[in-house]
Amino acid sequence: MRRQVPLFITFFVGTLLIVSVFIPPMENLGEDFTLFFDIIAVFAFFLGGGNLLRVHLTKLYRKSPDWGFSVVTVVGFFLMLAAGLFKIGNPGDISASVTAEGSMFQTMFNNVVLPLQSTMYALLAFFIASASYRAFRAKNREATILLVAAFIILLGRTPFGMMLTAWIPDSWSVLQVPNLAIWIMNSPNLAGQRAILIGIGLGVVSMSLRIILGIERTYLGDDR
Amino acid sequence: MKRSSLLVLAVVVILFAISWILKANQLSATEENYILEAFLITFAAFLTLSVLSFLYKDNPFYKFAEHLFVGVSAAFWMCLGFWSTLVKNLIPRLSEGLSEFFNEPYMPGDYNFFFWIPVILGILLLMRLSKEHGWIARWPLAFIVGTTAGLNFVRYLRSDFIEQISATFVPLLIEWQGVGHFFSNFNLAIDGQFVMMLSNWVIFVGVMCGLIYFFFSKEHTGVFGTASRVGIWILMITFGASFGYTVMGRISLLVGRLTFLFKDWLGLIS
Amino acid sequence: MPPAIVNFIAGQVGVQQLVVSGTSTTAQTPPSHPRAAFLVLLIIISFTISAIAQEPADTAAFDLPDERPAPPTSVVVTDFKYDAGNRVDITWVPSIDDQPELTLVDGYTVYRSANGGDYKLLDSLLPGISMYEDEEVTPDSVYTYYVATMSGKDTVQSVVTQEIRPEWELVNFDLAWLFVIAVIISGSIVWFIWRARAGADLFVRKIAGLDAVDEAIGRATEMGRPILFIPGILDMDDVQTIAGLTILGRVAKQIADYDTRIRMPVSRSLVMTAARETIKASYQVAGRPDAYSDDMVSYVTDEQFGYVAAVDGIMVREKPATIFLLGAFFAESLILAETGNSIGAIQIAGTARPAQLPFFIAACDFTLIGEELFAASAYLSGEPKQLGSLKGQDVGKGIAMLAIILGMVAVTMATAFEIDFFQMIADGLNQVFSTKAE
Amino acid sequence: MIPFEPIRLFAFGGFNVPIVISLLIIGGGMLWLLIRSLKAKEVDRRIVFVFIFAAVSAPLLFEITFDETATPIVKGVFEKIENMPERSRIVIAFDFDPAMAPEVQPMANAVIRHALAKNHRLIFISLWATGQALMDKTISEIIPAEFPQKQDGIDYVSLGYKAGNEGVLNVIVSNVKKMFPTDVNGVPLTDIAIFNGVRSMKDVDMVMAVGGGKPGPKEWVLFVGDAPGGPPVAVGVAAVVAPQMYPYYPKQVLGILGGIKGAAEYESELLHNYPRFAEQDTPGLRMMGPQTLAHVVIMAFIIFGNLAFFIGGRHKEKRL
């Protein structure tokens, strides 16, 4: 029961979904199963949310270092949960969208989640600079190619790319930095992307097969 | 808490309180709820600066922002999951009474009873909380993993394998009018025949060598090794180019945040 | 007679009658004599005939305000092949008045009747369109359609189509080539798994990132610091997350063997549950079930950057010696990898999202590129049957390369030298490797 | 021609102290780092962060802009408009929504100004429901204020929005009136001077398609530009879409304005050739200020990194 049933479920569901692609009357099966997944995921929120609360309440209870911040998490969580589940301050009634403008839920989203989200995202501007400083060094041939490609594209995005190479005659125009940048994006970049994608396609097919056939079962506890 | 950190906290609180007052004063002419609006903008600015402070090092302000973010956003997604999945998609298929309660259009259908499957699996998943019967949670997991494997098998085969192969059927000779014509019209213009042909050669050779790099069951030596080397180079150009191309978008994000601080909050720029 | 001509004649007759009544004195008094009546009729008929005879060349008539366009003709409804009986296609020949130079036709409207009921409007279409896909049908009903030409507020209907009952098919033969390719690739994977199981010796090249796993775990053990495992930010419905978890299974066993701490914040509740099962089982296999605790895995938030904020916090506070970033990553890839780098951790990353690979390459010590991520757990397991599947993948790559060479040759020959034979091959290959049927 | 200036200091119309100071600080800092690198010293990441912060915020605060030189792909569009005979008809397509507007609206503005200054005639059209409002706003903001002598119906006309996506293009490529019997104000096309002799899109002299989604510039290229006898098409697209448009250049499109950089190049070309626009807002150039400075800083750091690396005797960096 403990080992065989899950393996059978995986095999059955996986095979069913592959076959359904070729059988017109079952063509919506994939969509339905995606919805099934979403529904199960909502049930899983009980586990996830419960875990989040448990972690922070334990910190509170034990007065672990930084327990004060756990109060912030717990209070924020319950405030938002109440705002969303009871649609507090929603201009419409229960049938209005939970994210209706003017509701407490949306106001908190706009003024707490959104600025935090976009600032975390904006950190990338700094990290992309520190990563280029550290990583783009001509340590070996591969790293040099990486560096040169990145540098040409970067240069092509500033006025200096054109300024430096404007003297190149039109019959050699591919060597002008902005054109070269376009050419790199269109040709070698495309080739690399394609090779990666074809490999990924095969990798997914192979892994899916291993899972469906029960060869790969670490996720279920490979307790042999 | 140490005295120095209390001092810092006090200074920050006072500064933001001043900002709040100034902002409210500024907004009072145009906004009805100007006190609340001013607070929200000031608070958003405080959170923005708290996150940016992480670049220097971890600090209590970042910790505050982080913990608030986690709590609020976790609840945000849970509420969204509840309303958009359970109320919108599940309840209208299973219960007329409940869909009436939530004011959702009831969706009767012959195969709706199948929607009990995820409900049962969801409940089985919650058995994970039980020490004794926790193993039963593996059933829904097996169902999910099977679904993912089955759906992605065909999806990736199509979009990542088949589609990319047929996209690479490129002609290596373009506008071909013989060797003589080719050499007499040879140039390096971006729209010239040679550059366009070169592009296709690079795509063809690049995809081939890239694939060879991914070969697992053959030692990368000899000709095969050389090809796989070229494959790595192509990949490196790809990575370098994508990296460089992304920089602009990332800087824009920072411009957006700083514009918020300088314009919406401080009013330094118009 | 098609309704167009009937309408047309009716219109012309109206005009003629008006003229007659205005000019003929006989028409003003009712005819008392049958011969007079006959005469009037004769005049009317002759006027009508002459009008019709003149008509076709007279384009000026199209500018008359009451001019009506011709309806669409040859309206045909056909069942859509290889579906579940939920689509029929209606095609027609556009109205002859629907010419690029003319502005008479504003478009078309499609009407449907189910089981002999009333006709209901389905859709309005732009001029020049000659096809409509009705996907709101079921095999249980019989349908008829007609199409009308719109001109201002006026509509001119076509004849009604024949009845159609949508049919469903059991097998979609449009996808035959997809099926064949799937079977060949799966077949070769299964074949090599079977060969390997039977004891054939299979060579698999080294994958740098995976050879470093041992050392990376060992380093954390020596330093007495935890190992951080990030399975990406997507849920269990993404195959990359599952790939991450299969690697976790192998890694966790070694972690249990070495008695090192593992820390795994996740951004999805289901991933949390699955990761706990995985680690628990690995600890059992390692013979240390008592060392396992649910606290190793914790849920943070579904929000992408909220999760990143928390993981960054964990990184700088707990200073893990080794960080695994294996799964589906988006913009956060670089935030995580740079923070990880700043605390001096060894980082092994892998994702199948090409857009994020450059950042891992730049900021991590080892990166599994695309396919390598999916091959990793097979490689780490060291089991022959798992390694066999990698050999099967190589067959797939061989097929891809062969197809690309063939396609390239055929297309080159066909376009540069216009050789029909190669054009045929190119068309054939395009059909085999087509993704049109969605 | 305005003589070349690498940096235009025109926040207060002349010599600008804050700009000079901020650039001196950034430049001086860079010099200091260069010297450190020549001594093979590594730079702390926080110093990198400070420079990025300065490079982005200084141009924002003090409106530092850099003179752009138009790349061939942008110049193609500019020169076409510049060299067409006066009174040529240019179609401007507004296929975008407010979310995309910050990036592509500057392109539309620059092209409209250029075309009107060149005394061309403009036909506005939108395939996006949200595009019409943006179009109306653009027309009412630019034309009466900057080109008071231009008249609706004679020098420009707005056809408004029409539902039907690329189907609309399919029709207007052979007959405009069939899809747009009247302009946006309800005036029949037959009464509008611009449309004298214009039956289809094949009769206009150029199309400038601005947008970034579907339907958008790509559809204009495929359905209108590529139609037999179709007009030349130029496109202005958001940066994320630009790589998808490159393959059409130069055979199927005159040129591509990609993202804010494309807009900035066009604006600068316009400023060089038309001094009358010197007082106009140039959002493209303005938004490129932080970008250019940040790119320069990043490139400088890449150079510093390599200097330190080579002078430092190529020491092994990687752990393990």
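Order as written gives the chain letters A, B, C and D; numbering starts at 1 within each chain.
To be clear about the criterion, a contact is a pair of C-beta atoms (placed from the backbone, for glycine too) under 8 Å apart; a residue touches a chain by one contact, two chains touch by 3 or more.
This is a predicted model, so every value here is computed, not measured.
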| item | value |
| --- | --- |
| Longest centre-to-centre distance from chain A, chain (CA-based) | D |
| Among all chain pairs, the one with the most C-beta contacts | A-B |
| For chain A paired with chain D, centre-to-centre distance based on mean C-alpha positions, whole Å | 30 |
| Rounded Å distance, chain A centre to chain B centre (Cα mean) | 4 |
| Geometric centre distance via CA averages, chain D-chain B, whole Å | 27 |
| Residues within chain D bordering two or more other chains | 45, 49, 52, 56, 72, 243, 249, 261, 291, 294-295, 298 |
| Residues of chain A touching at least two other chains | 18, 21, 34, 37, 40-41, 44-49, 52, 113, 116, 120-121, 123-126, 128, 130, 132, 134, 136, 146-147, 150-151, 154, 157, 170, 173, 179, 182, 185-186, 193, 196-200, 202, 204-205, 207-209, 211, 219-221 |
| Two or more partner chains touched - positions in chain B | 51, 54-55, 63, 65-66, 69-74, 76, 78, 125, 128, 138, 141, 144-145, 147, 149, 151-154, 156-157, 159, 161-162, 165, 168, 190, 204, 207, 211, 214, 235, 238-240, 242-243, 245-248, 251, 254 |
| Contact footprint of chain C on chain A as seen in their complex | 18, 21-28, 34, 37, 40-41, 44-49, 51-52, 55, 113, 116-117, 120-121, 123-124, 127-128, 130-132, 134-136, 146, 193, 196-200, 202-211, 213, 215-216, 218-224 |
| Chain D partner contacts - residues on chain C that touch it in the complex | 100-103, 105-106, 125-129, 212, 215, 219, 342, 344, 346, 365 |
| Contact footprint of chain B on chain D as seen in their complex | 46, 49, 52, 56-57, 60-61, 72, 239-240, 243, 249-251, 259-261, 287, 290-291, 294-295, 298 |
| Residue ranges of chain C in contact with chain B within the complex | 178, 181-182, 185, 202-205, 207, 236-239, 242, 270, 273-274, 276-277, 299-303, 305-307, 309-310, 312-313, 316-317, 354-355, 357-359, 361-362, 369-372, 375, 390-391, 393-394, 396-397, 400-401, 403-405, 407-408, 410-412, 414-417, 426, 429-430, 433-435 |
| Interface residues, chain B side, partner chain D - complex | 55-56, 190-191, 245, 247-249, 251-252, 254-255, 258-259, 262, 268-269 |
